[in-house]
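Letters A, B and C mark the chains as written, and numbering starts fresh at 1 in each.
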Amino acid sequence: MDPDTPHVAVLAVHTDVVEREEHRSLEEMIFQASRAVLERAGLDRCALDGVVLSGNDQVDGRVISCMPSAGPAGGVGLDVTMIASSGEHALVYGYLRLLSGQGRTVLVVGWGKPSESVHPDFAELVSAEPYVLRAVGMNDTLAAALQASTWITDGGPSGDDVVSWPLTRDDLPARCDGVYAAVLAVEGSFEPGRELAWVHDAGWSTDRYEMGARDLRVQTALAGAREQVTATGCGPAGWTSVEIAGPSEPAVVAATATLGLADGAAVNASGSLASAPAPAHVAGLARMLAAAGSVARREADTGPPAVAAGIGLNGFAGQGATVMVFGEERKA
Amino acid sequence: MNRQHVGVLGVGQSEYVTRRTDVTFPELVREGALLALADAGITMDEVDAVVFPLAPDALIGVGNGERWCVEALGASGKPFMRVNNGGATGMSAIIAAWTHVASGMFDVVLVAGADRVSESGSAQSVLNKMWDVGYERPVPLNTITMLALSAMRYNHLYGADETDMARVTVKNRRHASLNPKAHLRTPVTVEEVLASRVLAWPIKLGDACPSSTGAAGAVLVSERYARAHGLHPAWIRGIGQNTETFWMGDRVGPRSVSDHADADALAVAFQRAYTRAGVTDPGRQLDVAEIYAPFSSVELHVIEAAGLAAKGEAPRRIAEGHFALGANGIVVNPSGGVLCSNPIAVTGVARLAEATLQVQGRAGAHQVADARTAVASAIGGDHQFYSALVLSDDLEEIA
Amino acid sequence: MTTIPAPAAGGPQFYEQTWDLSYRHALGETTSAFLGALAERRILGRRCPACGRVLVPARSFCDRDHVDTTDWVEVARTGAIEMFTIVYEPFRNLPAPPYALAYVTLDGADTALVGYVRGLDLSDKDAAVAALAIGTRVEVGFADEPQGTAADYWFELPAGG
């Protein structure tokens, strides 16, 4: 990479998670989260050089989600781009914006409010293509179960808490309403020490849509993303912890193997998929912000500098995967 | 800014038509990808990353429709993301691809996509769901009425009328008749436009874009890649985006900062692109404008926002024959523009594609003589998301 | 595996599918209060403490200044047309034409409210267009039994005006 490429830091993160928010509109939640993260970063929105948004039209019932949300996110008068493929891609895109020299600061906001959907599962079903998969009712849970079935070695669960064999309720991600916001900034644009974490690198990749053409046992997209960050010296060998959003707990376990983590690296310290709920569209973003927050400089910390990765798996059975690596110290 | 210059190595467009029954949506996307790759003279193997433009999922009927198109794009195993900025999606995706390259992470980035609005039996009622849940959806706003409101207000403020709007259609249809890819290619007269049926006054059928099916794509490359391979892409010299308030009712009256009659926030996006490109006098320095205007009325205020005419002056300039193929000075929408072809998700990609062909002298019958520089723009949301970029055939200072 | 001749397609096939997605949107307290006031035939706005504008319909924050709005303001039921359109084209799942829509700045408000214009003969387009010219004064009409939704109100030309 160009030696002039700036170092990028996460200045602040803010998450607003509610099991079921009935008192505030989605737009009000976005406004409040954006205000909060800007305050935490010590920035006026007018000082921003861009805003990156991510929402899912079907989950929230907004046909072009960026329309009602750009204003509450503080985007009036600014360059606003919605990255609709997933919240984790929005954070990556915010990072790319700064690397490309488009200003010194960017606000990234992603959200999901499945409680507005009368049948959130049905909103998921429309992600199945209409010719074959929709007819069989394919959704995230079924796809995750098909994938998990390929990893079964012991006959699988037999209890009555099976949702879609071999997955039980505890194996599946819990959902909630949530808005996730972060301010990224290039070095020199903020007071040193003000940063929460430094971005070391990002990698993202995708596998095929057709599950019949994939080997679901192998997390191909995740392996691709891992290779990208490994190539720049930011691979899993150096991570002290990792936060993984996956379609199932077996997928998280498989991901730790796919990544090849160092001994002692903490996995999902912020909670299991079932105990740390997030909207599907931004579950990866949530884990990335958790990872960034986890490396924040601590008093009386004498160990080696923390490096944490946030991992998102998006689409049926982790069709897509994103890795973002954060460090307590600037990338060497 | 511009650590790395970013070039446009190749562009592709299918013909734009009302309906395609021979292909699925991903197969149509694949057409856009293959056309762009062929024009660039590379294969998918050389592509480092893919950016996919797709506006509302509801119009193609598949949620997160980008994931369905990964195979068609040859994106499997590559970094891939989707942009949705409404009608500006195509150009925002180009700007996102520019960002991928300018970041230094990638040398070759593909943008390709498609739309087939005709698959949605109720596009305008789907698009009504763009508006505010509590206040605006109970009123039948849609993309036609929102711009009818703008058109009538423009006409009122500047003393323009439906004949001024009709002249835009006449110019663009004549241009489209020379463009084999355009959807509406039959020339029309002012009288015919004025006699066409009223959709939402003052917008008549003759003032409106078609619902188009088609595909488009582009390959963006880094300067180091172009030099290493001895290639001569067109160059993106400046980009700019800006965003307006969502609330159309906030764009009127003495306390508004921009008027729904005008495209003031788009003027800011143009200015951002011009500043980066070193353009100070666009009407003189630029040869071609491929600007997003799905209704005749929109072209009037976008010409003004682009700095090609003073506010309220576009109707007179068009009546005098300016901005048309063959006229002296900058030509606006030599392809026939969005008014003659509007495949929503890739309409902004098509603007870049046409601008590229023009600055490289490859536009065929609708070529602007000796064109070297161009500006392209797009609009999304309820006249809310604005994108602009400046293109030239070399990296010389734009004089 | 055996290679076979291309099967006869018999012409393109189509799948008719409908997205039957239902939502129960949380409107928030500010929008809820605005709609509640409609049931009392009152139109409310919120004042932005930074720019001082009275935003109608009422919003809990100002997108220009990115701050919470602070005060409730009741605005008049009269105002002036800022822009309008008359729709003559039928759109699937939208009301049958013709109908007129207008944005009206009510007296005391700084932003315009959208609504139908009722009580006007739209069959003569030119006459209707002239009657609704920008700046024309209108009044807010209310349903006999307002339900607290944005469908409760509309605009109409003053009687005898």
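Basically, a contact is a pair of C-beta atoms (placed from the backbone, for glycine too) under 8 Å apart; a residue touches a chain by one contact, two chains touch by 3 or more.
Every value quoted in this text rests on a predicted model; they were computed, and no experiment measured them.
Chain nearest the geometric middle of the protein is B, using mean C-alpha positions.
Comparing chain pairs A-C and B-C, the larger number of C-beta contacts belongs to B-C. On a Cα centroid basis, the chain most remote from chain B in this structure is A. Between the CA-based centres of chain A and chain B the separation comes to 31 Å, rounded to the whole angstrom. Our note on geometry: chain A versus chain C, Cα centroid distance of 36 Å, whole angstroms.
Each chain gets a centre from the mean of its Cα atoms; for chain B and chain C, those two points are 28 Å apart. Taken residue by residue, chain A touches two or more other chains at 25, 58, 61, 71, 76, 123, 126, 130-131, whereas all remaining positions touch fewer.
Residues of chain C in contact with at least two other chains: 17, 19, 25, 27, 31, 63-64. For chain B, the set of residues that touch two or more other chains comprises 58, 61, 133-134, 245-247. Against chain C, the residues of chain B that register as touching in their complex are 21-22, 58, 61, 121-122, 124-125, 128, 133-142, 144-145, 148-150, 152-153, 156, 197-203, 245-250, 252-253, 255-257, 260-261. Chain A meets chain C in the complex at residues 21-28, 31, 34-35, 45, 58, 61, 71-72, 74, 76, 113, 115-119, 122-123, 126, 130-131, 134. Against chain A, in their complex, chain C makes its touches with residues 15, 17, 19-31, 60-61, 63-64, 66-67. Every residue of chain A that touches chain B in the complex is listed here, in rising order: 1-2, 4-5, 25, 50-51, 56-58, 61-68, 70-71, 75-85, 89, 92-93, 96-97, 99-102, 123-124, 126-131, 203-210, 213, 220, 224, 228, 314-316, 319-320.
In the complex of the two chains, the chain C residues touching chain B come out as 12, 14, 17, 19, 25, 27, 31, 34-35, 51, 53, 55-57, 63-64, 82-89, 91-95, 99, 101, 103, 105, 110-116, 125, 129, 133-134, 149-151.
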